[in-house]
Amino acid sequence: MKKYLVEFIGAFFLVLAVGMAVIDPGAGSLAPIAIGATLMVMVFAGGHVSGAHYNPAVTIAVWLRGRCATADVPFYLVAQVLAAVAAAKLALLFKGCPVIAPGNPNVGHALVAEFIGTFALAYVVLNVATAKGTANNSFYGLAIGFTVVTMAFALGGISGGAFNPAVAVGITVMGLAKMSNLWIYLVGNFGAAIVAALTFKFINPDDK
Amino acid sequence: MKKYLVEFIGAFFLVLAVGMAVIDPGAGSLAPIAIGATLMVMVFAGGHVSGAHYNPAVTIAVWLRGRCATADVPFYLVAQVLAAVAAAKLALLFKGCPVIAPGNPNVGHALVAEFIGTFALAYVVLNVATAKGTANNSFYGLAIGFTVVTMAFALGGISGGAFNPAVAVGITVMGLAKMSNLWIYLVGNFGAAIVAALTFKFINPDDK
Amino acid sequence: MKKYLVEFIGAFFLVLAVGMAVIDPGAGSLAPIAIGATLMVMVFAGGHVSGAHYNPAVTIAVWLRGRCATADVPFYLVAQVLAAVAAAKLALLFKGCPVIAPGNPNVGHALVAEFIGTFALAYVVLNVATAKGTANNSFYGLAIGFTVVTMAFALGGISGGAFNPAVAVGITVMGLAKMSNLWIYLVGNFGAAIVAALTFKFINPDDK
Amino acid sequence: MKKYLVEFIGAFFLVLAVGMAVIDPGAGSLAPIAIGATLMVMVFAGGHVSGAHYNPAVTIAVWLRGRCATADVPFYLVAQVLAAVAAAKLALLFKGCPVIAPGNPNVGHALVAEFIGTFALAYVVLNVATAKGTANNSFYGLAIGFTVVTMAFALGGISGGAFNPAVAVGITVMGLAKMSNLWIYLVGNFGAAIVAALTFKFINPDDK
């Protein structure tokens, strides 16, 4: 139960940061830093309890790599998505419940961008938080959080820059993305999680 | 005595950074980074002496968690508030003693925002600076300082973004906030400190 | 093989970040942070497998210092350059294949700037990732990535700020730099790698 | 000799970063980050060889604290100042040798600002790089570099934000500061170094 609470708290603050940074008036060109730094601090705060995924795609990648109990997976996903919905509602309230025009991305480009960005994120998570070669480091939160910073700078304009199905639900609830585009995130993010887990196993053959 | 001096120095630089970043001409959209990074460096510099709270709400949270001696609490709070007043006066002097129009937040929103932002800060402090599961890390200052960066980006526009009763006193002395709103910060910040301490104990049941 | 894959992945994301940050609409004045932070996260993710060079000049510097097997060098360089070409093509696709006016730097200034910036980068890499005096640190990725941040801020306007022959190939493929200027990067970057390796040996005489 | 070379390299890149960030076209509002991050990476790269002062005031503070040999002090200072002059000349060359209007600060405010900012820097250096209570940390460069980031944001507009007599010489050579104001930096910076060393000894009574 304590693990699920930590996942809820982390995903809540992540999606709250997304909404507050992106809905006008937001953080402007600094939005990627505002969002990624939120992930960083929540990873540092909760990693020792739950692994600090805050992202269903990361949970699947860590589960495939063998560092998340199967019984925990559904509860992690539920906690992350509930937190995203709650944070989205609060962000809308703080912003005065504005009418928001959803993004209208090129579907093919968005799918590739979500795949690539989520691959980077899951690849970094697995290597800095679950590899023997980086055990006991003090940089895991910095590396994970700033992967979202960098991918949001690079690809936010292409796909909206979720890289996380819970964030995708959050931006859909807030009206920043269309419900009809939700599948782009689900396919791109979970697909990337699988490829990242396979890549991790290939480059870290001695890690069980 | 050395602990109280460290608390004074850290809170002084934190509130000076707030005043210089926020009073025109300030750091503009980069103000959250200027302020949070100041907290970061002062936490790294003073943590080994006083625990580096620089914030009465953090002192209460750490005391409830059992890592601040009861006899130290009033002296910590006095040092933090005196430092805030001194820094506020110096910032006004540097800025040419301008006439400042105080913020006029929605009281309900501001109370929720101060609660949430301070919860994040105290939750991160307790987990990165007092938990067995993160002992001997080198990231505590980064995590704590950047929690203020992220919460100032997310919630600064809602409540002014103090998350710290000493900062609330400082912005009141500088005229950035109204005296009649000071209770918002006291209630929101200390309330969040209590909830964060209870949350910490729940998710870290083996930490005494 | 796994080492070459890690080098490919890291160089791919680095050059993708360059293209997405620099080609309009990009990251504007924050481009140095977007690019350098990408290098940071990829260094933290891949350092334990390949050493995380992502840069032919760094590979030469590390090889001269005695921490890269001679047999690996050509494969590292090929992986880095192939990744740069692939990332450049993808960035052009995401940006809608725009017509780009290449930079027109002062050749002498650009050569000096590329030499100085690459010297800083190789000097930092050797000292934070291969020196006995900094063994087992948790800051190597931060130091390496932010050297690119700082040198891009300082010298990007003089030379385009590659500091990396693979990035130079990438910006040439994207049309940001002229093919006829590619030699500037090759001479400046590899020359600096040699001087940085000699400097490292002089200041760390006990490191073999 | 290797220590003096490291001091030269670090001070050279620091002053080069100052000139390139501040002389038009520079890094605009991001100049404090560009400059402080340069100090960060050079501290991480050179700390294990020379202590990575790059600042005569820091050298004096570290010498008073007993961690810099008396015989080294004059050579450190000469290396730092020579590097500042060389970097200033190169920055002017890169910028096209512009006519620069020097800053015209309020002398009293500038003196206080230089004292306070340098106190913060020397206080952080002594506590993160020479105290037993923070031994073997991985954050010293981050803390030191970002103290300059934060003090430049807070006080750069008041005094120019040198906090370093070598930087003061550099900005005087570049024409950003008037020769007739150089004493402000010398008095403010060295005075703060002394007070910071005394403060360190008071709060760390067991450190010899």
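Which chain is which? They are A, B, C and D, in the order written, and residues in each are numbered from 1.
Here is the rule we use: contacts are C-beta pairs under 8 Å (C-beta built on N, C-alpha and C of every residue); 3 or more make two chains touch, one makes a residue touch a chain.
Every value quoted in this text rests on a predicted model; they were computed, and no experiment measured them.
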item: Interface residue overlap between copies chain C and chain D, same or different (over half shared); value: different
item: Relative orientation of copies chain B and chain C, as a Cα rotation angle in degrees, nearest 5; value: 180
item: Interchain centroid distance [CA atoms averaged], chain A/chain D, Å; value: 39
item: Cα-centroid distance, chain A relative to chain B, in whole angstrom; value: 27
item: Multi-partner residues of chain C (at least 2 other chains); value: 29-30, 33, 138-139, 142
item: Touch list for chain B against partner chain D, complex; value: 2, 5-6, 9, 13, 16-17, 20-21, 25, 27-30, 33-34, 37-38, 40-42, 44-49, 90, 93-94, 138-139, 141-142
item: Residue ranges of chain D touching chain B (in the complex, touch as defined); value: 29-30, 32-33, 109, 112-113, 116, 120, 123-124, 127-128, 131, 133-134, 137-139, 142-144, 146-147, 149-150, 153-155, 157-158, 199, 202-205
